[in-house]
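Shared chain: subunit A. Partners: subunit B in the first complex, subunit C in the second.
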Partner chain A sequence: MGFFIEVLFGGFLAGVLYALVALGFVLIFKASGVFNFAQGAMVLFAALSLVRLMEWMPIPIALLVSVGIMIVFALVVERLVLRPLVNQEGIILFMATIGVSYFVDGFGQTIWGSEIYTLDLGLPKEPVIILESVFEGGVLVNKFDLVAAVIAGILVTVLAVFFQKTRIGRALRAVADDHQAAQSVGIPLRDIWVIVWSTSGIVALVAGIVWGSALGVQFSISLVALKALPVLILGGFTSVPGAIIGGLIIGAGEKLAEVFIGPSFGGGIENWFAYMLALLFLLVRPQGLFGERIIERV
Partner chain B sequence: MRTKLLRAAALGAIGAAAMLAAGAGEALAQNEQFLPRLVYRTGPYAPNGVPFANGYADYLNMLNERDGGINGVRLVQEECETGYATDRGVECYDRLKGKGPTGAGVVDPLSTGITFALTEKAPGDKIPLITMGYGRSESQDGSVFGWNFPLLGTYWAAADIIMNYVAQKEGGYGKLKGKKVSLVYHDSPYGKEPIPLLEELAKRHGFAFSALPVTHPGVEQKATWLQIRQNRPDYVLLWGWGVMNSTAIKEAAAVNYPRNKMIGVWWSGAEPDVTPGGDGSKGYMAAALHAIGDQFGVHRDIYKLVYDKNRGAGKREEVGQVLYNRGLVNGFLASEAIRKAQSRFGNKPMTGEQVRWGLENLDITAARIKESGFEGLVYPLKISCQDHMGSARARIQQWDGSKWSFVSDWIEADRKLIDPMVVAAAKKYAEEKKITPRDCSKES
Partner chain C sequence: MTATGGRRIGDVLLKVEDISLSFGGVRALSGVSFDIRKHEIRAIIGPNGAGKSSMLNVINGFYHPQKGKIIFKDIARTDIGPYDAASRGIARTFQNIALFRGMSTLDNIMTGRLLKMKRNLFWQALYWGPARREEMEHRAAAERIIDFLEIQSIRKVPVGRLPYGLQKRVELGRALAAEPELLLLDEPMAGMNVEEKEDMCRFILDVNDEFGTTIALIEHDMGVVMDISDRVVVLDYGKKIADGTPDEVRGNQAVIDAYLGVQH
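Showing the complex of A and B:
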């Protein structure tokens, strides 16, 4: 039983890390209806910028400059990609983000390098054993994962307040519903896009810090975006809390499956199991657990 | 009229000069040995791919600078980015195989997946594949795999060497009975390669063996290491690549698995594998195909002739790292094969078929190693038509937090164990692919 709880808990904490990346997707989709394929590349680019800047300046300054870089990135994307494609179908914008993704991947590695860079912000990494008196050997918990969970919790709270309680948040939601209608009531579409891509860039920076601290900053962290996809399918593309709940379910589901079912299949099932789990949810609830149900009248 | 004549004469002179220049260029190009270089400088495996590519490139450039190439034949290399993806690797091979006056002399696929794909293409193209320390283990059998050369060692040899070391530590193979050994492997042809040999060793010596796959690229291993924590194996063998290695070491630290009970294959024992883990990597061990460091003669030449002239492929401070030296050794073996082929076919660019002859007659003696500046870096190697691997030895190295140090002497793979497995697997492959094995006793 102790081992089951350990795997379950480990899965929850892994899910929180996936949710951090999923949040960036949700933000842009929620505010612009665009599935941003470049989110993983943005995580890598933000983390690479930070870790390389830290070689020349103190951490707080490097953090601020990295935020600045992500805002400039948002401005460039809005000016060169989104603005020419305004009012185009969502699929066109999605294709454009695929282009952005490959460009950012290559550009980031060209200017910052493709080595592994160690990112040490002093986050605790030692494991702790809890419930030793209850279960033999106790339950192992990694302090780093707990810190990541706290960071994700803070981020979700801030974003939820931002979307629900601020004027800009409401404007973002209006733009997501209908670009043209939002423009007709005076919402500046370009500014909104810059704001949402900047916010998403900052979320990417946070995700990059957490993943970069765990793995080292390197190309592979752009691939964690693939881990966010089943989370989004399950949690819904438009729900910030959905990203967290989806992350927890996917994280726990795939770890339990890998440990308890995997050996019967030769192991290595967690990647496809996550997608299968998401697919099952999709069949029952296409909009995801917390996604908005879209009803279109004919 | 006179002006017209002068203009015609001038044009004629320019034309003649251009033709002469073109002819000279062509003559120069005719005396070049083309070497396609399948590399990965981007993507998830770039941190490991870059130093290897740099070492290889620097060695060829140094030969050009120092000796004018090989016996006056300049070495021309062209890199093609594979991203460690099999499809892109095959595309690179197809694009580059016909370049140069004689086509590709030899190809280093630098990926077991790409090697699997090219193994069927190379015989038709008559281009040898050097897969130093990787590739198909049964390709050691030259009678079936006429174009594959897993020089210095295969994964079966690596697994056997590592288990020999484990047995040494435990006081002999007899002491392994009842012990538990787990393999954490990259879920790819590369990672699966050692499994048959480890299963055979487990059967012979009575230890419990379990294999735990990690899916590409290996950034998520929590479930794997929770199983390790639960099962508490006596040893964990690591068969990873790129980010999978550093993640495995970090996860081992996270579940308190002792790093000095973890032993990686030679592709899991470079600086990018241990530095991200910081102090958590201390004690981790891995097999080593060659020595580490920049204190060898060949490095002195590379510094003087390449880096001092700002022509280095990478950073000067990375010269001598594990994977840099791996690329260097690989370049050395490829160039020695060309040199050997020239000794029979003349000092000119060699075809793939001629380089294969060079490889099958390669005899790198201690004297030749010393002469080439590799003394202490590699050990002598002799290849034949039947044996495409040569002697397979490795040492075990351990990371102390800042550098690798050897903790064992050279350990030789047990050929009595490996060779029958190789023959059986090669025979099966030959039957499947309808290949008639060569009779090596009749080849010179």
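Showing the complex of A and C:
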């Protein structure tokens, strides 16, 4: 039992990360209907910015500057991509974000370099044993996993308060519900886009910090976006809780599958398990765990 | 809401001049001109596809006409967007209800007050104290609208769950929350039963009467139109075919032909 829980916890770390990336997707998708392929590239870009800036300045300043960079990025995307393409089909915007993704990957590596950088924010990394009173021998976890979970928890709480309690939050929810109606009450769509892209950029930075601290900042971060897709299918494209729970299920599921049923498949399950789970899920509940029911109106 | 009281019809508030709008090959509006005076209830009628909704969309900046001028409060603009229209005092409802379905009645109406709130959404989010107080004031205004429309019992209900007639009423509430000078209503009574229609008529007349709000109204129910409007403009195939008091319009041969589907 203790070992099972250890594996589960290990899976949750990956899950938190998937959840953060999926969360970035959901925010943008809800507010602008854009499926943002560049989310993974944004995670890489944010992490690279932070890790390189830290060579020049103290950590808190580097963090602030990185946030600033993501806000500037949001402004640029709104001006150069979203505004000219307003009212175009979703697929066109999707393709535009593929372009953004390649550009950001290339641009980031050009200005920041393309090696593997160690990100050390001084977060604790040593393993600890918890739940000793519950299981014999307790459960061995990495302190970092716990810290990552706490960071993600704080981020999600802050976002929830922001969305539920503030005026901008209400405006954001209005835009997510109905673009036309939101415009008719005078909500400026462009400002809202900048705000959600900035928020997504900050979420990307947090994801980059978690991932980069665990495995180093490197190009492969950008590919984590591909794992967010099954998470979104599981959680629903428009649900924030769905992104989080979907992320945890996929993360834990693939680790457990790898460890417990992997050997009989010859390993490597981790690479495709998430997609298979999503596929099965798609057959049963196409709207995702928390997504709104899809009702065809005729 | 401040009651200006009385129903003296005043000067021209909005004037559309020679508006033409087309979508690809479809001509939705061709050379339409009319005006709306302060405090009046102005009906826009016409058969299906006549261009009525397109006209409202032009007025509130959703559509940009290829030709023509829109003069609102003596300022002429052709390229206004919905944000400008809303901030200059134009609010509206939609033919197909466009509410924020995930939000409660109260939140929908509060959203209608966004432009009344202090500028700069962003700093407000960080300024708890004053923002709180301001929020309470707006809350009180929203509650007054809720009382006015007699929807106290559904204040906290997510509007997606409400029956159609009530949704229409909430949508009117959201538009009223902006305290508009010009209120555009696109078929506010469509799909309602007789009783609901009577309620809606009463609300429209009360808004007009108590707050002096100018109203442009699209409606298919001729009984209602003849009852509550001061002047009627009739569109057919994107062209204006008549304009006048309900009585004048009722007797107009072109209007009768349009409704009977006489070939042009």
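Operating definition for what follows: the second predicted complex is superposed on the first by the 282 of 298 C-alpha atoms of A that agree within 3 Å, B and C clash if a C-alpha of one lies under 4 Å from a C-alpha of the other, contacts with A are read in each partner's own complex, and residues count from 1 in each chain.
Definition applied: a residue touches a chain if its C-beta (ideal position, glycine included) is under 8 Å from a C-beta of that chain, and two chains touch if they have at least 3 such contacts.
It should be emphasised that the depicted structure is a prediction, and the values quoted were computed from it without experimental measurement.
Engineer: Between subunit B (first) and subunit C (second), which, if any, makes contact with A:Phe162: first, second, both or neither?
Structural biologist: Only subunit C is touched by A:Phe162; subunit B is not.
Engineer: Between subunit B (first) and subunit C (second), which, if any, makes contact with A:Phe12: first, second, both or neither?
Structural biologist: neither
Engineer: Applying the touch criterion given at the start, work out whether A:Leu223 contacts subunit B, subunit C, both or neither, answering first, second, both or neither.
Structural biologist: first
Engineer: So, does A:Phe94 touch the first partner subunit B, the second partner subunit C, both, or neither?
Structural biologist: neither
Engineer: Identify the partner contact of A:Phe135: answer first if only subunit B is touched, second if only subunit C is, both if each is, neither if none is.
Structural biologist: In the superposition, A:Phe135 touches no partner, neither subunit B nor subunit C.
Engineer: After superposition on the shared chain, which partner residues are touched by A:Asn271: those of subunit B (first), subunit C (second), both, or neither?
Structural biologist: After superposing on A, A:Asn271 lies in contact with subunit B but is clear of subunit C.
Engineer: Under the touch definition given earlier, write down the residues of subunit A that touch subunit B in their complex.
Structural biologist: For this pair, the touching residues of subunit A are 3, 6-7, 10-11, 14, 105-106, 109, 114-116, 118, 120, 125, 127, 140, 142, 144, 214-216, 218-221, 223-224, 227, 254-255, 258-259, 262, 266-268, 270-271.
Engineer: Which of the residues in subunit C end up touching subunit A in this complex?
Structural biologist: 60, 62, 81-83, 86-87, 91-92, 94, 98-103, 107, 110-112, 114-115, 117, 121-122, 124-125, 131, 135, 174, 178
Engineer: Within the complex, which stretch of subunit A touches subunit C?
Structural biologist: 162, 166-171, 173-174, 176-178, 180-189, 191, 195
Engineer: Which of the residues in subunit B come into contact with subunit A in the complex?
Structural biologist: Those in contact with subunit A are residues 41-44, 46-47, 50, 187, 211-215, 217-220, 222-224, 226-227, 229-230, 242-243, 246-247, 250, 253-256, 272, 275-276, 278, 280.
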